[in-house]
Structures are given as structure tokens and as C-alpha cells.
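Next come two complexes built around subunit A: one with subunit B, the other with subunit C.
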Partner chain A sequence: MRNRDFSFWLFLTPVILSLSLVILVPFVYGFIYSFTNWNGMVATEFLGFKNYITLFKDADFRASIWFTTKFAICSVILLNFLGLGLALLVTRNLKTNNLMRTVFFMPNLIGGLILGFIWQFIFISVFGNIGELLGIEALTGWLSTTATGFWGLVILTSWQMAGYIMIIYIAYLENIPKDLLEAAEIDGASSFQRFRNITFPLVAPAFTVSMFLTLSNSFQIYDQNLSLTNGGPFNSTQMVAMNIVKTAFTENKMAFAQSKAVIFFIIVAAVAITQVYYNKKKEVDM
Partner chain B sequence: MKEKKRNLIVIEIIGLLLALLWISPFYLMIVNAFKTKKEIFSGVLGLPEGFETTNFVQAFQDLDFVNSLFNSLLITVVGVGIIILFSSMAGYALARNKSKLSALILLLFVAAMLIPFQSVMIPLVSLFSKADMLNRTGLIFMYLGFGSSLSIFLYHGAMTGISNSLDEAAIIDGANKFQVFWHIIFPLLKPISVTVGILNVIWIWNDYLLPSLILADEHATIPIKMFLFFGQYTKQWHLALAGLTIAIIPVIIGYFFAQKQIIEGVSEGAVK
Partner chain C sequence: MQTVSWNCNKTNCWTGKLMHRFYATVFIEKEKGRSLMKSKKTLISLVSVFLLSIFALVGCSSDDDKKKDSASGDQITIDIFQFKVEIKDQFEALVKKYEDENPGVKINVKTVGGGNDYGATLKTSFSSGEEPDIFNVGGPSSVEEYREYLADVSDTKAVEQSIEGTLTAVTDGDEVLGLPFNQEGYGLIYNKAIFEKAGLSTDDIKTYADLEDAVKLLDSKKDELGIDAVFALPGKEKWVLGDHISNMFIAPEFNNDITEAYNAKTIEFEKGDELKRYLDLQNSHSVQPVLSLDYSQQVEQLFSLEKVAMIQQGNWVYNSVYDMDPELAENGMGILPVPVEGFEGKIPAGVPMFWAVNGKSDEKVVQASKDFLDWMYTSETGKTAVLEDFKFIPAYKGYDATKIADPLSQTIYEYAEAGNTLEGWVYQAAPTGWNEETLGVNIQKYLSGDLKWEDLISQSRAKWEEERK
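What follows is the complex of A and B.
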């Protein structure tokens, strides 16, 4: 097919049309509106950077960025640790390999909204119940403080996504030539040395993939945030995505919310690009 | 050798314990869904005394489950079908055209994946409301917009394994481009279509925020209904948990029948 072929464009029309109307046009419009007093329907005044100046003074928004960043860092570390651990476990020669994979992956198929509600029950009722039974003070009153809300979200997300990250690591682990590991074993390398010097460098590309996924997912989390803590207590566990949704659809400040959305895009895109670029440089070629 | 075998057994036991811990949230959900309010208050870990099925009856009615299941199925099936059809067409066209323009279009789609949903959400809803498209048709069109990038990328990658000589032979036999695609290329793309289908089903089936902004109440999907239902029954865990159990059942059934394809599909989609 060539550029001037009618069929080339015909094949592309539906997706180009939808990408344009659903992402590109709203993205450009949103950028322009963020400099105005747009109310969702019309914009009557050009405000320059006024929305952006207000936004940097907005304590809730700044807190949500900080909270999201802390959350993303903790989840990325925990998720990759768990995902790799589970992958190493289920790639051993075990009888129940497939059963374990099925179980560890299962939370991934269920939406964050529903899982958040289930864990709300667990953190509040089950933790409380166990805490009372065993007399552990720390298990009671979960989700009622900022710290327990934070760790609640980290635990929920890690539990939900670890199986997904496990699958990515499995794909790379199963690609490592068996004879390479056997040769090292014959040469007297300990299992830690084999992991450190063979397995680890060869699964490095999996870090790129899974860190990209976990980082961009953690930054954009909304459903789990809504169903587990709904931002409470006092908006202290509110993440950026939720802050934007609330500013727009609860407070009806459309242009202001859009300026937050632009900042959000810059953060997410910058993180993703840096991260992929940085990881690509370190990979080992087979 | 014996040492090794014993090690494996220990690892297996640890793994199984971990797996039990992993599904314990579902165990806790189900056993407590069968309890009365009073029973939950006195203890959440044990099995229920009598199996309280009235919780499920009420949750089933309040979730308007038949209707919301139908809405979820309709939107997911049509949405994913359209994504598969149009993305495979685009992936084919972009792979067979080796020009710079074609590479640029692919890059545009991939770059669009960097834009988070919340960054376009507000103008998107405003734009579609002006066009009177805040309905199921509009929602499905939006799913094509958000879902096509990754799907086209996957189809484009899969096309490299399909030789151009197939196209040429068919053209000589008198087929047009659409016939070539539909009768020769599309069937060969089946494995990647399964992957694309699975990834998009998981996403659209569970999506909450977008449909909650678009759909009218009578077209609410399961996650939307679940949110409203839960708000209605805070602190009434016996009902809330019964509702959550019902909402999860379709997913568990699907997973039971297609777990191998699902895990392979997800692996394929993430690694490429």
C-alpha cells in the first residue's frame, strides 16, 4: 500500500477519527481552556497563567501530588519485589505451579473499584476483629488515619497488580537458556551467584517493562482511591486523579481542573520518558 | 539430590500458604456475605451459622443485576469487537506501507498512550455532550479512541511475521485489498486478536470513571451500580459483601474457562 492509495486511508480512517476526537482534540482544547475561565460550555475571558498560579497555591493539590509520589515510589518497589519473588517461586519445578499462577493473577481481573470495597471490609472489620482478639492496638482503626489509609492503598494495589508483574517476569525468566545456568552450577557458582550474575542481568529488560507499567499505573490510580478511602480522612489520602475529578465534577471549576490536568500530563509523561530512556541504556544484549 | 527434593517440598508448602493468604480476601468476602449483620459484628473469621441467602436476594435486586450485567456485556462485547476490527485494519495498513508517513502515524498512536485519561477527560465530556453523544454509542467510540493505540501497536508487531507474498498472490488472483485483509490476513492474526481481545475486555469490563461520566442511570454497568449500591449500604456489610460477591461471579466464570488464554494474552501484551 502506498500513501496515495485510497485503501490505505480507508483502513486508517476509523482509528484516526477516534484518536483525534477522543484524545487529540480534547487534549489541545483542554490546554487552551486551561488559560481561560472556561465553565465546561463557554470561555469568555483569557486569564493567562492565573489558573496555574492559583493551582500552585492550592494546598490540597500540592498535598495530592506529594501523596501520589510517595504512593508510587512505595508501590513500584513493593510490586517489583513481590512480582519477581512470585515469578521465581512459580518457575521452580513445583507440582502446583499453574494453580499458584492462577491464584496470584486472579485479583488482576477484577476492577479496582470492587477490590477497594472488599479491602475496606478487611481493613476495617477483619483487621479490627483480629486486633481485638490478639490485643494488637495497631490493627484497629485502619483507614481512619492518613498513615493507615496510605498503607491500605499500597497493600491493595500491590496485592492487585503483583500477579501481573509476576507474569512479565515469568516471560523473561523462562527465556533464560537452561544450559547457561547449568554450566554455572557445574563451575561451582552458588544459587545466589547464579541469580546475581545470570538471572538478574537477563531479566533486566523486564524491569523496564514492569517499572513503566507500575509507575504509570500508580500515578493514575483512581478507582482504588475512590472505593478504599475516598480521599479521607480530610482529603489527606487524595491522589492527583481524584483531586482533578473532584475539582471538575464536584466543585464545577472546569478550567481550573483542566490546568491541574495539564500539570498531571506533564508529570506522567516526564516520568515515563525518563524512566524508559534510563532503563534502555542499562539492558544487556543476548 | 535428596536434599534438593526436600528443598522443593519446603518451597512448595511456602508457596501454597502464600497462595492461601492471597485468596483470603475472597474467602472473607464470601463467608461474611452469608452471615447476618449480628453475626458479622460478633466475628468475621469463622464460617456462618446458617447460610443467610436473603442477603443475596436483596443485593441481586438492588444491583438490578440482570440489567447491569446486560449493559456491561453489551458495551464490552461491542467495544472490544470494534477495537479488534479497526485496529487490525490499521495495523495491517501501517505495516504494509513502508513510508515515513506511515511510521509517523504509528508514532502518533504510541505517543498518545502517554496522555493520562484525566488530562483529556473534561474537554472530552464537554465535546461529546455538545454533539449529544453522551450515550452508549459515544462511549463505545471513546473506547476505540483510548484502546486503539496499544492494539494497533500489537497488530503492527504481529504483521512482521506475515509475508507480503500472500497479499501479492491474492491480488494476482483478482482479490481487492479488503478481500485480502478479511480472507487472508485477519485469520492469520487470530493469536494476536485473542491477546488484544483479552486485554481490552479486562479494561472495559472493569472501567468505572469513564462510563460513570457518560451513561444514563438505566444503562449503568456493573461497576457503576456497585458504587451506588455500596454507598447505599455503608456499614451494612452483610448486604455489601453479598453484592460484591455477585458482581465478581461473571469474572470468575470467565477466568475458569479461559485462564490459560488470559494469562498468555496478558503476558504477550505486556512484553511486546
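What follows is the complex of A and C.
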């Protein structure tokens, strides 16, 4: 802490500056614009809370919030489950450890847009053909109903992000002192007991981080949504981010979209902060 | 507080480091709290460094005023910002030719594609002061939005030669505020070979009843013809449902006049039943499920591989079909008008975009911009490029129809010259976003069985009225 002198701030300046220029300033501007009738170029009128009042009457926006919430719950559970599962798998001292880590992490390196199109092909053509061949009705017509669109998105996101979450869990798993586990083994603890009583509590901080990442990510998803379903059918798989973009650029209601974004920000921030707060309480000290 | 996480510094694993960084980011708030306790000196130094950097930043960006620069001396610089990515290279080649012919003019071309992206980028460049001298506007709503920037181009030759009806969207009193890019038209694109094999002649398809009979005939011979279905209805594409299909049945109630639709307070759906009938016909004879069927499946997969007999699309599909099957594209497909009662034998054609000249640019630049656009559409070099390189359907008279690159465009230009097109894509004049986000979405709901037709009409009307209050 002693070295927070001039040079400390000097080195920090580029970051603070760019952060405030690209995040803070636009945020403040956007917040102000959300109270006006801004059309992207000029704001001629101050509307007060009118945008916010209209917003709560917007059925599409409410539907998209609900859809996003459902999506976030499902994908957070699935992602953490998969991430931890994969991490346990690749920390088992198998020969293929490094290869598997790479393979599992790989989807994360492909852009969301491309992934969306790839999975669109898989869901529609591959699933469809397999379904037809084997006579499984459930595999045909994917993405043409709300339910399949929803699960399509969950599958896509889980597949993409599980490797990333896996990396976080690996870091914690590898730091669990071996002596603790050995001692428990000698005491006659079964492998499930060891996992339940030693491994699990010790990776709790990883839950905090992964939950935060998956939660905020699931709420803000846009590109996967755009390329996989584009909100279809009939905008029923439209997430909040997409609803905001459409309001702004398709319907050209910039200020209204901005007010939606402010509400969205508040929701995401509230959820994320609550989650971090509760998870932090559960972590154990060694 | 020593939590487990910090232990990971000891091991030298990269994953640990990565994780550590996440941890630090997430809980940076805690660090900030500590830093606030530091002395006032830190705060002062922070502020001074901050200010210094801002000065430095402002210093680098506040020089060169572009507008002054563009008209200085004999050299005139025109900045063009256009949206049609498909013609980017060809357009730049044409610009090069113009620059060679006119040494005093320098033209910079910037292309940003795709409807939404272009609009957003254009808006950004205007609000940031980097205004282009020539740009594109769509329907009346974007004309209104950019009204103060639009120069009157009625004194150009191109305006004189434009095809009747193509300028309605950009006419304001005596002023003409834009020049049409090109024309585009749509209808039922059919596979000639399949029609022939089924014993159908397109001359026999004039009225809606004829179309119905033809569809039934094709449907009964599906196996024999080797097709999956008669149509491929791309229910995923809200623009096909909400813009194109609907437009044919909405335009008549506004007398095919974009301006009338733009000022309309309500929409009656006078031809709503015909729209329903036509949609049902396509839906019940289409490859299923329609709601996940998109444009590329419709055109590239199903039509190009000859799995369907007809699709409702426009001349723009030519290139996609050509990539899949050149033979089919050049000789194997034709376009038929959709029979709308009272308008049989007419193809809906329209101008998707207009060239606009920025009236706030320097006077000399405005004139040079107009000269360039005039040259592009009226000189011989320009005309050749428009037809052969851009592969446009011209929105101007006096072009040699036989030189039009593809058969669909050729047919549409012939319809246009003979006065058999319905000028007026009134969907450009509906409340912004209404076609796709309201009507298109409602049609999707109707197709999936979640919405009754009467509700579709009433809900869509209500939204129109709400937007036009």
C-alpha cells in the first residue's frame, strides 16, 4: 500500500482514462438521454420519467426480461454443473489431460455469431435428419417453437462457456492441499465424502467467480441470440439485449431504448451484487 | 483476510494466474475502498494526471477541419458513404474512372453494409460531425430525419430521366431530395423445368384461381416431379412476411402511394382476406416447419437444388442461385406476378434506397456531387457500369434492356418500362419497425397457430394507430 504515489497513478491513468471515456462517459450520457426524446442526433425535449412509464407497459420488454431470467437460471445451473464436471474430469491425472483441456476450452475461442450459425445448422438440419431417420419426433422442427428455441440457446451457451468455467474450477481444484485429501482417505472417507466435505467447500470461492461470470454473461447475451434464433419465432426468444437493440435501431427510438438499458443495468447489477454478497458469506477460510 | 484463492500464486499454473485476475477484477471494489483512505496528495496527483491526459488527447484531435479542406484550391473532395456492399468493388472502379476523367475531383468511398448497420453508422457519423457529402436514404422516415441535410437535386438530368413514380418517396413540394439507386421487384420465382414437366404454362396463371389450380396440380404430382413441396415459405424472415408479402395487399388501400401511407393515421387491411388466403396457400403447400425456414434455406437449399417449384422472392436472389447452379439461374427460372385482385399481371417494384447529397457541404462540393451522380446514371460509361457491373435494374429511362445481366431483372425492367409495375413499396412508409416487429411477428404467431387472424388485424392496426397518434 505504501507505493501509491504519483507514479502509481501515472501508470494507472491510461486505464482509468480509457475506461471512463468508453464506459463511464457514455453511461452518464445515456442516463441523461433516457429522460429526453433523443433520436440519436438531437434531443429537443425533456420528458422526465415518461420513457420509464411507457417501458413498463411494453409487453415485449417484459416478456424479454422474463425469458432472459429463465434463460439465466437454466444456463447458470447447467454451466456450473458442466464446468465443475469437466474440471473434475481433467484433474484426474489422465494422460490426455492437456488435450482435453484444450478441446473443452476451444468452443470459447469461436465467436458467438459463428457459433450461432453452426448450431443453427446442427439444430435444424442435423437434428432434423436424424429425427427423420430414427423416427424421433422431438428432434424435428427445432428452433421453430419457443421451447426448442429456448433450449437451443441454453445448449449453445453451455457448450461455448463450459470450457471457460472449467478453467476457473481447475485452478481451485489444483490448489486443494493433497495432505487434506490423503488424511481423509486414511480416515476411511469415501470418494463422495471427500468431495462433499473437502473439495466442495474449498472450491466455494470458484463458485463466487463462476456464478458471477455466468450470471452476468447469460443476462447480457446478444450475438448468440442474434445468429441462432434472431428472436424467432415471433420474438418469443428475444433477450433483453436484443430487445434494446431493436428498439434503438429498428424502431429508431433511441431514448426509449436507453431507458430500457438503464433498467436492465439496474437489474443485472442488483442480481450480480446480491449473488456475490451471498456467495462470499459461504466461503471458508483455511 | 486470507482466503484459499490466494494460494494459487504459489503454484505456477497459468490457469491460476488467469483466475487470480478474475478474482481481482470482481473484488476490485474492496481495493478501491482502501485507496480512498490515502492522503489528499494522491487525489491531487490523480486529478492532475487525469487533466494532463485529457489535454493531450484533445490536442491531437482538434486539428484539421475537414470541410474547409475539401473545397480548398482547385481540388474538390467528395466523401461518399454508401450501403450496398455487393457493388463495393465495382462502384470504386467506376469512381476511379470518374476521377480520371475529372482530375479536379477526388472521391472517397466508404461502404458499410446491411440495412441496420448502415443507418446506425450514418447516424453516428452525422452526430460526430464527420458528415459525408453523398449518402443514402431509404423511405420517407429517413428523409424526414435527415431533412435539413438534404440538398435539392431536381436540377439534375437524372431526375428528368427517372421512371415515373420512382421519386414519390423523396419529393417534397417542388424539391426532389434524392436520386433512386435502382429498382427491385419481386414476385413468384418459378422453376421452368418443373412447370414444364407438370404441364403448366405461365400464360395460364393470371388470376388467383389459376394460381390455386396450378399449386394443386403441382402438389398432386409432387413425387413424380421430385419436389418436397410446392413452395418454400421463409417464415423466419420477418421482412418477407411483414414487408414483401403484406405490401402487395396493403399498398392498394393507399393507392400505391408512399406519401399517402406515410401520412395515414390508420390502416384498414381492406385486402386482409386476400392476404390471409395467399398466406394460407403458401403455408399449406410449403416445406415445414416454416417458422425456422430462413432465406438461405429457401433460396440456396430448396429452390437452387430444385426441391420446390416456386418461391416468393425478388430479383436479388439471382446471385445466390447462380452460385449454386449457374444453369438454373441463367435459363431455368422465371418470375410471375402474384395475382392480387384488381392488379393482376403487375409486379410490385420499388426503389430500396436513394442517393442524397448533403446540402450543408460546401457549395462547390454539392455541385460536384450532383455532377457525379448525374454522370453515373446518364453518361454512357456510367450506364454500362450500372447495367453490367452493378447488375442493377435501372430506375431511369433509356437503358438497353437486353444488356441487363440476369433474366429476372430483365423481366422486371420490361414490366417497368411497359408501365406494368406497382411503384410503391409502401412498407417503407409504415411506422418505423411496424412491418417487421408488429405485422411480421403477428404473422409468425398466426402461422404457428398462436394468434387468430382477426386478432392479427386488430393488433397490427392498433399498433399503427398508436405510432401515428
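The criterion applied here is as follows: the second predicted complex is superposed on the first by the 269 of 286 C-alpha atoms of A that agree within 3 Å, B and C clash if a C-alpha of one lies under 4 Å from a C-alpha of the other, contacts with A are read in each partner's own complex, and residues count from 1 in each chain.
As a working rule, a residue touches a chain if its C-beta (ideal position, glycine included) is under 8 Å from a C-beta of that chain, and two chains touch if they have at least 3 such contacts.
This one's a predicted model, so the numbers in the text were calculated from it and none came from an experiment.
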Check the residue A:Phe195 against both partner chains and state whether it touches subunit B (first), subunit C (second), both, or neither.
-> neither
Is A:Trp151 touching the first partner subunit B, the second partner subunit C, both, or neither of them?
-> neither
Please work out whether A:Tyr52 is in contact with subunit B alone, subunit C alone, both, or neither, and reply first, second, both or neither.
-> neither
Scan A:Met100 for contacts with subunit B and subunit C and give back first, second, both or neither.
-> first
Please work out whether A:Val268 is in contact with subunit B alone, subunit C alone, both, or neither, and reply first, second, both or neither.
-> first
More residues of subunit A are touched by which partner: subunit B or subunit C?
-> B
Thinking of the overlay built on chain A, is A:Arg4 touched by subunit B (first), by subunit C (second), by both, or by neither?
-> second
Taking the two structures together, which residues of subunit A meet both subunit B and subunit C?
-> 1, 5, 8, 14, 16, 40-41, 167-168, 170-172, 209, 213, 249
Touching residues on subunit B, where the partner in the complex is subunit A | 8, 11-12, 14-16, 18-19, 22-23, 25-26, 28-29, 32, 40, 43-45, 86-87, 89-90, 92-94, 96-97, 99, 101-102, 105, 108-109, 112, 114-124, 126-127, 130, 141-142, 144-146, 148-149, 152, 176-178, 181, 202, 205-209, 213, 223, 226-227, 230, 237, 240-241, 244, 247-248, 251, 254-255, 259, 262-263, 266-267, 270-271
Tell me, which parts of subunit A touch subunit B in their complex?
-> 1-3, 5, 7-8, 11-12, 14-16, 18-19, 21-27, 29-30, 33, 40-41, 86, 89-90, 92-96, 99-115, 117-119, 121-122, 125-126, 129-130, 159, 164, 167-168, 170-172, 209-210, 213, 216, 219-220, 222-223, 226-227, 240-241, 244-245, 248-249, 254, 257-258, 261-262, 264-265, 268-269, 272-273
Over in the complex, which subunit C residues touch subunit A? Could you list them?
-> 1-5, 7-8, 11, 13, 15-16, 18-20, 22-23, 26, 34-35, 38, 42, 45-46, 49-50, 53-54, 57, 116, 119-120, 123, 126-127, 141, 145, 235-236, 238, 288-292, 297, 432-433, 436-437, 441-442, 444-445, 448, 450
Considering the complex alone, what residue numbers of subunit A touch subunit C?
-> 1, 4-6, 8-10, 13-14, 16-17, 39-41, 124, 140-145, 167-168, 170-172, 174-175, 202, 205-206, 208-209, 212-213, 230, 232-235, 246, 249-252, 276, 283-286
